[in-house]
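What follows is a pair of complexes built around chain A, which joins chain B in one and chain C in the other.
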Partner chain A sequence: MSREDQLRKRARDLLAAREVVMVIGYRAGRRPGTTVPAFITRPEDTDKLIFNDRCGANLTAYLPRIPKTAKVAIVAKGCDSRSIVALLKEKQVERSKLVILGVGCEGIKVDGQLSDSCTTCGYPNPVIFDEMVGETRDMTETSDVSDRVPDPLADLESLSPDERWHSLMEDVARCIRCYACRQVCPNCYCPTCFVDTNNPQWVGKTTAGSDNMLFHLMRAMHMAGRCVECGTCHRACPMGIDLMKFNRKVARIVRDRFGTVAGIDPDEPPALAAFDPNDRQEFIK
Partner chain B sequence: MKPGIITAEELARLVTEWARAGAVYAPVRVRDWTEFRRISSLGEADFSRINTKLPVRSLLFPQCETMFRFKTDEPGRVEEPPEPEPQVILGVRPCDAAGIALLDKFFSGQGETDTYYQRRREKTMLIGLACNSPADTCFCTAVLGSPSGTRGLDLLLTDLGGRYLAEGDIAEVCRRFGIGSPSLAEAGDADLARKKELADKAAATITQQIDTGKLKQLLDAADNHPVWEELSLPCVNCAACTFVCPTCHCFDITDETRKGSGARIRVWDTCQSCIYSQHASGHNPRATPASRFRNRTMDKFRYTVDMIGEVSCVGCGRCGVECPAGIDIRETVETLFAALGTKQTKDAVQKAEGKTGKQQ
Partner chain C sequence: MSTSDTSAASFEPKIVAFLCNWCSYAGADLAGISRIQYPPSIRVIRVPCSGRVDPFYILKALLFGADGVLVSGCHPGDCHYLTGNYVARRRFAVLNDLLDFAGIDQGRVSFSWVSAAEGERFAEVVREVTEKVRQLGPNHKLVKQECG
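Let's turn to the complex of A and B:
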């Protein structure tokens, strides 16, 4: 049985047995080759479910929106499952209300190319799941893929602080403040985002470089220790801004300074929300 | 005025002249898409793409615009921005131009005139380029447009291969820029036949059909239909669809003050944002994602029909291309027809209305 057939069967069984009220997965979009998040509630609709290398949306982003009263099933790639871990840590989802249908991911394709975030993915298999649908991905092969990629931050890190600032300013100058990056992000569940606070107004509403940069830097700071580098924001950006640059840099700083990687261990305290007297704090002079 | 023929060389010469006298904008390659940018020669333009990333409206109604500047210790005195310079926008696709015709109605058609839009509009000439090969996301003919439509345009060019058929008043474009108009060769019967052939072929590639009259009727009775909840589930409520839309025109106004001087600025706003409809009291009449999704669809196919007598979707397909969730407005419309057009759903409507109380 193909992976899609297995997925459909499991979804159908779960709904038919009323173990879950909804299965969150993917269906084919109107345009050939596109996919749309699907919210299946009837066993007879489960044939709509698909899974392929175009299923790039991080479905975990939808979980905080779903009423927590009933149990739902969710299709989770490696990165999606790490986002579930991140949300578990932050008490945004209840484990007992989730059936995680794990899928091993071959990497997401955008216009036939491997999505940038996937070129450095170390977790194609779910880190947390109730059952796997289809084969798990061979990790050795994954490591090879990662090894082949030159350090994606090498260019950024080789720049002087001034050059780095100008380079990032150039990137964010294209931003049209549509907030697609924020809206598709599982971590962005705040009822009122700092950019939407207008009394006082924290961030200017224009697309001037300083306003755009403030949005992106503050968002990056809020992602520290939480972002799992799924790349869904990068793929969502209509203006093609390289948001992985921010995501990877922040993740690297957190790994180097706190020795943790986001979205792996549900029991590990969030890096920036826990105090340790042994934290390095040489920046306080 | 009879259609003329303008060669690529002649067009290039005109662009250079216009660019000396004012601003010329055209689609220019940026990364792997095109955007309207100021050009000084035709060689910079790239007409290979159907749609630019952002619609042409961004040149008439920019995302950020300073309305006036002020000093806090000089109450009542404002410094207005300089008059816009004349601009010609080249390579405007007919759907985008139809969008401008709609913006004309919204911003200056009835009642108050939006001076900021109007003063740019009066100095703008739109030169269209017919779509000989529409994209698979195009559906202008389904919303009463055409890949060779002239609505909103001062001049429409059709690429006949190295030479363009020019329909409209090129002399007026040149007069605005204070330069002599070219004497174009009159188009021959073969040119006109070729143009018709290209236009018919282009229109035939678009198969999507929307009965906009019927859709309006269905939407009139669909305020509380459960289909909105179903349709809105994948929507993440970002602003991508509204910001790339040729006809969306909502804006927000904000004052930015620093050290005694400031500016009143207007920026694009979006009905997909939670704070768009948030009242000062904290009450939000469109608090749910479903209500915001409904608003945008209703606006395009129902509200503007009531307001200005026509639907405000021009079928460019940008919203579907840019939607991070893969939502395609053509599919939304199809789902609406399926859900609203059956008896079973009428019962569902009544049930839903009974539960929530009919609004409006």
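Let's turn to the complex of A and C:
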């Protein structure tokens, strides 16, 4: 039985047994080769479910919007499962209300190319799941990411501060502030986002360089210790801004400074909500 | 004004200082009542705790034209709210490294621990920070340009 058939069967069984009220997965989009999120509530609709290398959306983003009393099943790749862990830590979802159908991921393709975030992926298999659907991906070839691909930030970090500033300003200058990156992000569940408040107005509404940079820096700050680098924001950006630069950087800062990686251990508090009295403070006078 | 006014020697930076109510603000007060001289470059904003300082405050100060920002709180272990400055320290560490990555010069944003008994130390920190920002010159990055 193929992976998709297994997935459909499990979804059908779960819905038919009324174990869950909804299965969140992927179905084909209207344009050939595209996929869209599917919210399946009837057993007879489960044949719509698909899974392939274009299922790039992080479905975990929908979990905080589901009523707390409803139990749902969700299809989760490695990165999606890490997002679930991140949300469990922040008490945004309840483990007992979730059936996680894990899938081993071969990497997401965008226009036939491996998506940027997937090139440095160290977690193709779910870190948390109730049952695996299909094969677990062999981890031996992905065990040490740093050996496999060059450091994606090395070029940028070798520049002088002024050059880095101009390079990043060039990137964010393209931003049209559509907030697609926020909309698709599992971490962005705040009822009122800082970009939407008018009093105080945290970020100016213009797309002037400084407002855009402030937005992207603060988005990165809010991702610190929480972002699992799934790359969904990067793929959602209509202007093709390389948001992974910021995501990777904050993840690296948190890993280097506090020794924690987001979305792995549900029992560990989020990095910026915790502290160690011996945290390095060489930058403080 | 001639262009020489913006040279490092005569440039008088504007620095926004977020001081925690329980330690650094009292430290600044002590510096004042002890008549210790330090550069008049800082504009003090009193906050209840260094943990109250959102990274937004720091970045918005730069956005609105501050040449530098100083955040100062109680020494680790001495927080009035027990752990406020420990949590703040992690946040500042990430912000510090992120600003460095974004190419905002190190020294533009400074952090320090100053207790209520350290008037002389407070003056020393302000002298140091002012000198550092003076060396860096006026802040051009992240400043929002007035339109029209």
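Just so it is clear, the second predicted complex is superposed on the first by the 280 of 285 C-alpha atoms of A that agree within 3 Å, B and C clash if a C-alpha of one lies under 4 Å from a C-alpha of the other, contacts with A are read in each partner's own complex, and residues count from 1 in each chain.
The rule is simple: a contact is a pair of C-beta atoms (placed from the backbone, for glycine too) under 8 Å apart; a residue touches a chain by one contact, two chains touch by 3 or more.
Not measured: the values here are computed from a predicted model.
Enquirer: Touching A:I253, do we find chain B (first), chain C (second), both, or neither?
Expert: second
Enquirer: Quick check on the superposed pair: does A:R280 touch chain B, chain C, both, or neither? Answer first, second, both or neither.
Expert: second
Enquirer: Touching A:I241 in the superposition: chain B (first), chain C (second), both, neither?
Expert: neither
Enquirer: Quick check on the superposed pair: does A:H166 touch chain B, chain C, both, or neither? Answer first, second, both or neither.
Expert: second
Enquirer: For A:C175, is the partner it touches chain B (first), chain C (second), both, or none of the two (neither)?
Expert: After superposition on chain A, A:C175 lies in contact with neither partner.
Enquirer: Give one of first, second, both or neither to describe whether A:G204 is in contact with chain B, with chain C, with both, or with none.
Expert: both
Enquirer: Going by the contact definition given at the top, which residues of chain A touch chain B in one complex and chain C in the other?
Expert: The overlap between the chain B and chain C interfaces on chain A comprises residues 204, 206, 208.
Enquirer: Taking the complex as given, what residues does chain C use to touch chain A?
Expert: On the chain C side, the touching residues are 55-56, 59-60, 63, 76-77, 83, 86-87, 89-106, 110-113, 125, 128-129, 141-145, 147.
Enquirer: Across the complex, what residues on chain A touch chain C?
Expert: 156-157, 159-168, 194, 202, 204, 206, 208, 210-211, 213-214, 217-218, 220-221, 224-225, 249-250, 253-254, 257-258, 271-275, 277, 279-281, 283-285
Enquirer: Name, in rising order, each residue of chain B that touches chain A in their complex.
Expert: Residues in contact with chain A: 31-33, 53-54, 63-64, 136-137, 230, 233-234, 236-240, 242-244, 252, 254, 256, 265, 267, 270, 273-275, 289, 320, 322, 324-328, 330-331.
Enquirer: Could you please specify the touching residues of chain A with respect to chain B in the complex?
Expert: Chain A residues touching chain B: 29-32, 34-39, 57, 61-62, 65, 176-180, 182-184, 192, 196, 198, 201, 204-208, 232, 235-236, 238-240.
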